[in-house]
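Shown below is the structure under consideration.
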Amino acid sequence: MISVHQPILQIVLPLMAAPICVILRNAFAGWLLALLVTGGAFVASLILLVHVVNEGPVSYAIGGWPPPWGIEYRVDGLSAFVLVTVAAIGFLSMIFARRSVEAEVAADRGYLFYTMYLLCFTGLMGIPVTGDAFNLFVFLEISSLSSYVLISLGTDRRALTAAFRYLIMGTLGATFYVLGIGLLYMVTGTLNIADLAARVPEMTHIRTVQMALAFLTVGLGLKLALFPLHLWLPNAYAFAPTVVTVFLAATATKVAVYALIRIAYTMFGGPTMFAVMPIDEVLVGFGLLSMIVGALAAVWQTNVKRLLAFSSISQIGYMVLGLGLADVTGLAGAVVHIFNHAMIKAILFMAVGCIIFRIGSADLRDIRGFAKPMPITAACVVVGGLSLVGAPLTLGFITKWLLLQGALDRNWWWVAVVIVAASLLALVYVWRLIAAAYLHPPSERVAAVREAPAPMLLALVALTVATVVIAIDGSLIGDFAVVTAKQLLGSGE
Amino acid sequence: MINISLLMIMVATALGLVWLRNLLAVVMFSGIFSLTAASLWVVLGAVDVAFTEASVGAGIATVLGLASLALTRTEHEKRTRVFHLPALIVVLVTGAALIYGTLDMPGWGDPDAPIHTHVAPRYIEDSLAETGVPNIVTSVLASYRGFDTLGETTVIFTAGVGVLVLLGRGRRYPVANPRVAAGGGPGRAPAAPGSEGAAVPGDSGEMRFKAILRVGGKLLIPPILLFAFYTQAHGELGPGGGFQAGVIFASAFILYALLFGVPMARAVAPASVLRGTLALGVLIYAGVGIAGVLLGGNYLDYSVLAHDPVHGQELGIILIELGVGITVASAMMTVFFVFAGQDPQQVD
Amino acid sequence: MDFPGLFNYWIVIALMMIGFYIVISQGNLVKKIFGLNIFQVSVFVFYISMGKVEGGTAPILAPGFATYTNPIPSVLILTAIVVGVATMAVGLALVVRIRDAFGSIEDDEIAKLEGDVT
Amino acid sequence: MVAVLLDGLSWLCLVAGVLAALIGGIGLLRLPDVFSRMHAAGLIDTLAAGLIIVGLVLQSPSWTVAVKLILIIVFILFTSPTATHALARAALHGRVLPWLGDRSSPSEGAPSSKA
């Protein structure tokens, strides 16, 4: 049914497309190539997801060397799920990209932009499927290095400093990650995640293993912008070119969350490890802080991009919270939220991209009344915003529901209170956005604009419709997440 | 004993870096640090890594550091925060955590440590029979963990393209001659009025100055190139391989550019050619993998490339090392040329 | 605990922490990048130290030798060195661009010019 | 007999090389300006390195190692003087003046830092 080589080909083809893009030296050809490759990867990842759900995990030995001697690609439900998320956003961002990139990136840099984009896509696609802890680092660095460059392409000069700070923080995070892997390697002698999973849970009493988990958590915490390691994120997202913001905000931090889940649960056996070292409670604490601090900061922003960036920090808090709850519903909440938040943030940033493309500003005061000339964009903002808050019948509601259940299952009612509080704060900042769209008469400048060009709008609407459709039958994704969470927790016992 | 002395030199160098304000010295100290680390690795038996660190950490990194100092026209840090309490606390906590983590580690050089008994023995015992390559580091790097190396080549490609994106456009203000910018910055005493002619060489003096360097340099370039090819070809038998060879190859061009100017070097290696070879290396590497798939093996399985698996492995390793070498050499040259001068083909 | 035992590792940890300290305490962007280099190289030293086998020779198979240094840390660190220099190249290129755009490579001065400090 | 003689000669070279390096090191620290320090550095570059390598050549187990070591000497003999020359010209070009006065009042051109 599927080619045995599929797991590797969907990583290698984007990788090969990047140098081809450099040779082509043409922005349009680069875009077309990126569109085709990401589209192909999206279709392939969907097929892979169906295959994995029906027939169990797939393993692929690169170079024909059996693991743990060679590098293994291992795709289970969770990795296929994250893969589909990244590929979907990557593909839709490319549909969206052409006009937006033309507007924001100099024409002679266009092909280099798409090269970088493909490299970043490759890196982010490589992380979920790899079954090797060090290979994960290599792909993490491919994606990070290309995102630094992509962010620096923003038109504001602050994009440069944002990229530089991200580079410093990201490299520190990667070095911490390498250090953690080194500690773990020292006492186990293996780098294969499945092989580690068989050994590490029996070694939880060894102090080296405990510190390895601590360093891996901090390293990935830097990459996923968990409070208080989040300082690089707001400016990076605010000043990057819009397409980059759409893609990175929707995928980069989510992939880091995936890596953290993979490490904490698959590699360290989750609850077995937490019993010795209460890193779950630490994660719950920082998750909650992230939720509140991010939301509070978002409330005060006037630039929509920055507002959404702070909202991202808050939403990452939800995922980390679910991860730290360490029970089936909590973890399922985190898994669903990886997908939810990717979709929601992609919608909102795409909508902002449309607004910037037409109005030329992302300041709340400049875009008042944009619902009148841009009704479709505004409707998408409403759907995305409501989902962000977690209103019933939206994707966000599924997450919040699972998380609340998870918190109550552990008898942490105060966690539930904080979740509700953060949602109310989300309502405040989303309301500011909706109010700006509908409750003000458009200024002359705003009234004169039209909807964004068709491809941009198409990507935006397609995403919005997809979230609505998926939310209508929320049990589909909810059940999938619960099954995945059970697998993750089961592997530790 | 020699370990401890080398480590102590490194500690001294690193501590010196904290206090130094002169950024040129910071760059040089960092190079010294890398070179000492490389010596330590030779002692510890990791010759391939030592080779790489010596050429990259002490070579390329230093050149890049000096070039960017010239471009930023800064020589001194404004002020040094030697004591920064929050940072100190973070560092002490992290260090304490690490030391706590080491308490259960096997001792230094213990042959019974898990890393020597679990996965590694197979490489040591079977790699020669399976790949036909005596240098285990090369066989693991290129074959067993060949996908990591593909990733590594991609990272270098990313850096090359990234620097092109950031600086390839040429600069918004004319750059002074880097040597003048670096040497004539603040902190140097101005020449006494009468000594102008004596201290600053005129045109003829400049030519003589360059003549000695150029003759010396010209003599060096062919051996350097030869050594690069030797390193490339000899990587299976001894330390070396595509990465080191690429860096050495690039360094010959960097030397040429320093002696005869970037435009002359550019004429030998034009931007468009470099851009092509930069991409070509990655394509060769990834293409060898695809060839493996087409011939019925797994991705990056070289055994199917020839009739005999060991022969196929050798062929595959030679090809991918070539890919690595090409990309690394082009990336290093691209990065240097972009740093060292405007890229005329980008400006128009 | 016999003498070399873990003592060497502790020196390496001290090295890492000096590098880490330079990155987070210094305001000069170039110095930050080179501090990062110190941090990374120290981590590499840590890895290579793990691979050391008492009495082992370089992992190049030759008749007459039975004990070899563990090759895996070498392989991993070769990759990591390349990643490190790639990051450094991009970082320094960013510093040059920042100098062009802000006229300074000091963190606090740039923050002032940026107007809004987060 | 020959072996003992070779060994002795090799050690003589090594010790002499180390001494030269030590003297050069002291000179680097103590001499007053760039140019005289460069002179001390040149001692390490050529004499010390050369003597040590000659000592090692005499110790080498096989002729391949010896040839490689001799190649290194040749390489150093080419590069070091060229590098020293470049450094001196760069210092002049950067308007660093040789130190001419007495120790109590260094001329303006003498660099203030050891770096």
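We just call them A, B, C and D in the order they show up, numbering each chain from 1.
Here is the rule we go by: contacts are C-beta pairs under 8 Å (C-beta built on N, C-alpha and C of every residue); 3 or more make two chains touch, one makes a residue touch a chain.
Here the structure is a predicted model, which is why all the values come from computation and not from measurement.
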item: A-B or B-C - the one linked by more C-beta pairs in contact; value: B-C
item: Between chain D and chain C, distance of the C-alpha-averaged centres to the nearest whole Å; value: 30
item: Chain centre separation in whole Å, for chain C relative to chain B (CA means); value: 13
item: Chain A and chain B, separation of their C-alpha mean positions in angstrom; value: 32
item: Cα-centroid distance, chain A relative to chain D, in whole angstrom; value: 56
item: Per-residue overlap in chain A, given as positions that touch at least 2 other chains; value: 134, 138, 141, 145, 148-149, 152, 179, 185-186, 191
item: Two or more partner chains touched - positions in chain C; value: 16, 20, 50, 72, 76, 79, 83, 86-87, 90, 94-95, 97
item: Full enumeration of touching chain pairs; value: A-B, A-C, B-C, B-D
item: Residues of chain A that touch chain C when the two form their complex; value: 134, 137-138, 141, 145, 148-149, 152, 157-158, 160-161, 163-164, 167-168, 171-172, 174-175, 178-179, 182, 185-186, 191, 231, 234-235
item: Parts of chain D lying in touch with chain B, wherever the complex brings them together; value: 75, 78-79, 81-82, 85-86, 89-97, 108-109, 113, 115
item: Parts of chain B lying in touch with chain D, wherever the complex brings them together; value: 20, 22, 24-25, 28, 179-180, 182-184, 188-192, 195, 199-201, 209, 212-213, 216-217, 219-220, 223
item: Chain B to chain A touching residues, read off their complex; value: 97-98, 100-106, 113-120, 122-123, 143-148, 150-152, 154-155, 157-159, 161-162, 164-166, 168-169, 275-276, 278-280, 282-283, 286-287, 289-290, 293, 297-303, 346
item: Footprint of chain B on chain C - complex, ascending; value: 1-2, 4-22, 24-28, 30-31, 33-35, 37-38, 41-42, 44-45, 48-62, 67-79, 81-83, 85-90, 92-97, 99-100, 105-106, 109
